[in-house]
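The chains carry the letters A, B, C and D, assigned in the order they are written, with residues numbered from 1 in each.
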Amino acid sequence: MSAALITPQKNRIQAVLQHASGDKRFKILEVHMKKHQFRQDALIEVLHKAQELFGYLEDDLLLFISYKLKLPPSRVYGVATFYHFFQLKPQGEHTCVVCLGTACYVKGADKIINGIQDKYKIKAGETTADNKLSLLTARCIGACGIAPAVTYDGHVAPKQTPEAALERIKTWIQ
Amino acid sequence: MQLDELKAIAEKHRSSRKKIIVRTCMSAGCMSSQADIIKKNLEAEAKAQGLEADVEVRRVGCMGFCGQGPLVGWDNSGEHGLWEFVKPEDAASIIAALKGGECKVQRGDPKHPFFAKQMHIVRANGGIIDPERIEDYIAIGGYTALHHSLTELQPAQVVEEVTKSGLRGRGGAGFPSGLKWGTVAKSPGAKKYVVCNGDEGDPGAFMDRSVLESDPHLVLEGMAIAAYAVGADQGYLYVRAEYPLAISRLQIAIKQAKQLGLLGAGIFESPFNFNVDIRIGAGAFVCGEETALMASVEGKRGTPRPRPPFPAESGLWGCPTLINNVETFANISAIINKGGEWYAGIGTEKSKGTKVFALTGKIKNNGLIEVPMGIPLRQIIMEMGGGAPDGRSIKSVQTGGPSGGCIPADYLDTPVDYESLTKLGSIMGSGGMVVMDDTTNMVEIAKFYMEFCMEESCGKCIPCRAGTVQMFNLLEKITQRKATARDLAKLEELCDMVKNTSLCGLGQTAPNPVISTLKFFRKEYAELLQPDPFGP
Amino acid sequence: MKVRLATVWLGGCSGCHMSFLDLDEFLIDLANAADLVYSPVVDVKDYPENVDLCLIEGAVCNEDNLEILHKIRAHTKVLVSFGDCAVTGNVPAMRNPFGMDNVENVLQCAYVDHAQNNPAVPKADGIVPQLLANVRPVHEMVFVEYFLPGCPPPAARIKALVAQLLAGAVPKLEGEQLKFG
Amino acid sequence: MAVKTLTIDGRPITAEEGATVLQAATEAGIKIPTLCHLEGVYDVGACRLCIVEITGTTKLLPACTTKVSEGMEVQTQTERLRNYRRMILELLFAERNHVCAVCVSNGHCELQTLAYSQGMEHIRYDYTFPKWNVDTTHRLFGMDHNRCVLCTRCVRACWHIEGAGTKNIAGRGATSKIITDLNQPWGDSDSCTECGKCVMACPTGALFQKGSTVGEMVHDRDKLEFIVTAREKKQWVAAD
């Protein structure tokens, strides 16, 4: 076996631990893992917490989690990429999540998406070049009674139109 | 905790109640329109207008009429009322109206068919109690069904009662709950689990969200009774991450129940122990499938596995596991309190009890309704829902989400029960009911659902993973007017194959929206087809 | 009445035609039963009318391929996709992932990014036919009656299919006779 | 161990209780097509090629995960099943870029063999021609995602025979992908032991030994069964 394959491994996890030791968020995450007794079946709960703390799941963070839960990195990565909720890339300063559930769809959610796409030249799932706005879609946020619904920075807004959405986003982007 | 202590809590809570109760809906729908500020303003106004001693401004869960929200209700000496489209600045005039003042805020009519035709079992407390106060739940008789089960009934008698009720799984497939409970109870194993499926993924459905946000203890009590009946001591409540409010209310509810000894070790000072942990989903529709959900609870990729073995025999970590939907558990305490026979008296011969539906789409009255099984679809759509808005006519009603089908307006007299909907090529599903008017393009709807299934396919089995891609591409080709009759034939053949060969329910039902729209709206497909000059 | 037989060569390496020539003495039987009315190995410029059987080698890569294919379908009773390129797109279609619907990307990759000298996209309008957005197997463009896979199909396999067709039977290949590659 | 009697394609068969329909059929010399099944690792019932008809159930069930039961009547070769199997194979060929002519496993590929044995002479569905890369960063092995059928045999071999957990599946649906560690180049893997079991397990040319050219990559699948039998039963049975 070539030594070259061994070396980066030790360096990598050690570099991650080093990195983690200087960042309070890793401490908080570890406390959370401890609350779950470092149980492997708590992986998804731990990923939720990690994303809440860091905003997205970067490689070092995933490696840290795999190390602490004693899981292979491939498993952690496999789980993190299976669920839509987990983001492996940083998001823009502001997020606009357009619900594309059926009720929202039949009431014109697609027009809202198109309106934003046309204005800001980004597709769903993308972030503007100035990193101000991420446009996302949701499968159904269960707010069907007030369709079409759009979530702006975590706050649900009812009965949206393309105009209302652009108006709202304008307040973020000068 | 003993029964007399429970009764004492209920009594104390009831006696401390004020004369007038102003109920502010604080479910996700109304919260999106500043319901929290409305409540704060109402409280401040009650104080300012000197009514603090008489008026309780209460946070409540969903009242159902979400399309008219934010909603504020009031109760005063047996009288009730409702205000609709409330704005924060309306607080002063609403409080003034309680003492006979003038109020310009739109008044709702409690005798409106939207309310009058409902029958509440699951949603009995929704919009009435404060979901964040266990005392409110106890005051209306909460946790007495659990007490009765633990102290008066053998586990087998609980199963018997549920069997007698005729309750069927509310998650969609309609499997008899009593039978499922009995199987888990009989499965050998020292460790068993109870799992509540709150991964309400059907787009256009929010029944479970509403129940969890409005009455979390009702679900917890149902789970605890189930655990006692099947011999489990650990429960998991799997909730979608998209429902943060439901999650936080459940967390509060579990904490409160534990503090009062209604969950945890030695419940009601019996040897019965039951703990519930919340598992938060992370955005995967397939996790509504029970074997995928179990994989997810175990912290894995939420991919399904072949059944048999069924979870009742081999579920979480290989142990016998009872999985039921939120609404199923929410029916349990009523069944225990009032008896299986009472429950079986509601509904039709094969579909018992009530069903909660999320009535949405192109319909005047949007919202959540609970109706007895067997009610004709027409009553729901035309009378309760008020038909299509803007003078349009109804074209179709979609039930069952991506696994269901589109029922054309000609069939509105169909009774809403498991068998009748299946006969029409749709399914009961979890309760999403999306109404489409005559402007809706049915091929586009079929494509919408197919895209959904394609993106939500877990990728494990080939028919679903690759078949949904091909079916979506064919639908795209049809809507772009580039397809020929040969393409349509290919689509139909794929529908049949994917339905029959896929591993789990997602794939097996993914073709349903196409099959049902082809059955009732084939003309719309045919109109898009092109001639085939280089065909056979 | 002899069968009017054609063979064409679209986007492919002509290996299938080489394999066809490997039919050896069966070619004599074939000559007795069929007239070769159009083929890369005979000097006929335009695809004739009333062709009974046409073996099509190669994938559909450019506008010329598509044009003649449409003509072939209109003038021929029975089409056979002859070899893997015609049946699956095969090697010619390996350009597709480099730019579905983006021919510029493909040309850039082939003639500029990987060029050793004189990197430039060749342009000769009217002489070099325009590439299609992506390479497709023959049956995706026109209806095809029968399929003869293989890269190239061995002569014995070609013989099996052609002999059945000449005998007026519905040809049936099975097992290893259907092997790709 | 109790014995169950059943019929497969009309033939009376006996099988041990707990055996799968696939095991019973194989024992009796009845061939049911499989792809994700691999001797030596547990079954997942994912490829759906081994689906069979069983009297009394309307659902088609995978032979690899369905246990035999007394009096069971199994059909493995009906026209309907053959048709479905062919469609499943066509879907696979249309899904990624399977070019047999230039593949290292040409002539030794389970997908290729399945295709012709099931009578697939062309693919009726439009090819999707996705863009997938080839990972040749490992010293000994390569992975061509164009040829991957996502059967997860490599993942299962790596987890359950080798125990390293280097390989897993990431993403979902049609964009699922076999990954190494944190989706990094195989050559940079910290956990890979270079045992080559994943390569042995692969049914197609997706995993290959470096240096193999067209048609040269023969997967030594029997070796996996050999190791597992040796470990679990302490029987060292040389593969045929």
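For the reader, a short list of remarks on this structure follows.
Criterion: a contact is a pair of C-beta atoms (placed from the backbone, for glycine too) under 8 Å apart; a residue touches a chain by one contact, two chains touch by 3 or more.
On a predicted model such as this, the values are computed, not experimentally measured, just so you know.
In terms of C-beta pairs in contact, B-D outnumbers the other of B-D and A-D. Averaging Cα atoms per chain gives one point for each, and the point farthest from that of chain A is the centre of C. If each chain is reduced to the centroid of its CA atoms, chain B and chain D end up 39 Å from each other. Between chain C and chain D the centroid-to-centroid distance comes to 33 Å (mean Cα coordinates, whole Å). Centroids of chain A and chain B (each the mean of its C-alpha atoms) stand 26 Å apart.
Touching of two or more other chains is recorded for residues 124, 126, 169, 171-172 of chain D. Shown for chain A are the residues in touch with two or more other chains, namely 75, 78, 82. Multi-chain contact residues of chain C (touching two or more other chains) are absent. Pairs of chains meeting the touch criterion are A-B, A-D, B-C, B-D, C-D. On the side of chain A, the complex with chain B involves touching residues 39-45, 47-48, 75, 78-79, 82-86, 100-107, 138-147, 149, 155-158.
On the chain C side of its complex with chain D, the touching residues are 81, 84, 87-91, 93-94, 96-98, 100, 134, 136-137, 139-140, 144, 147, 149, 151, 173-181.
Across the complex, chain D meets chain B through its residues 44-48, 51, 59-62, 65-67, 83-84, 87-88, 91-92, 94-95, 124-126, 128, 149-150, 169, 171-176.
Those residues of chain B that touch chain C in the shared complex are 486, 532, 534-536.
Across the complex, chain A meets chain D through its residues 1-2, 5, 8-9, 12-13, 59, 62-63, 71-78, 81-82.
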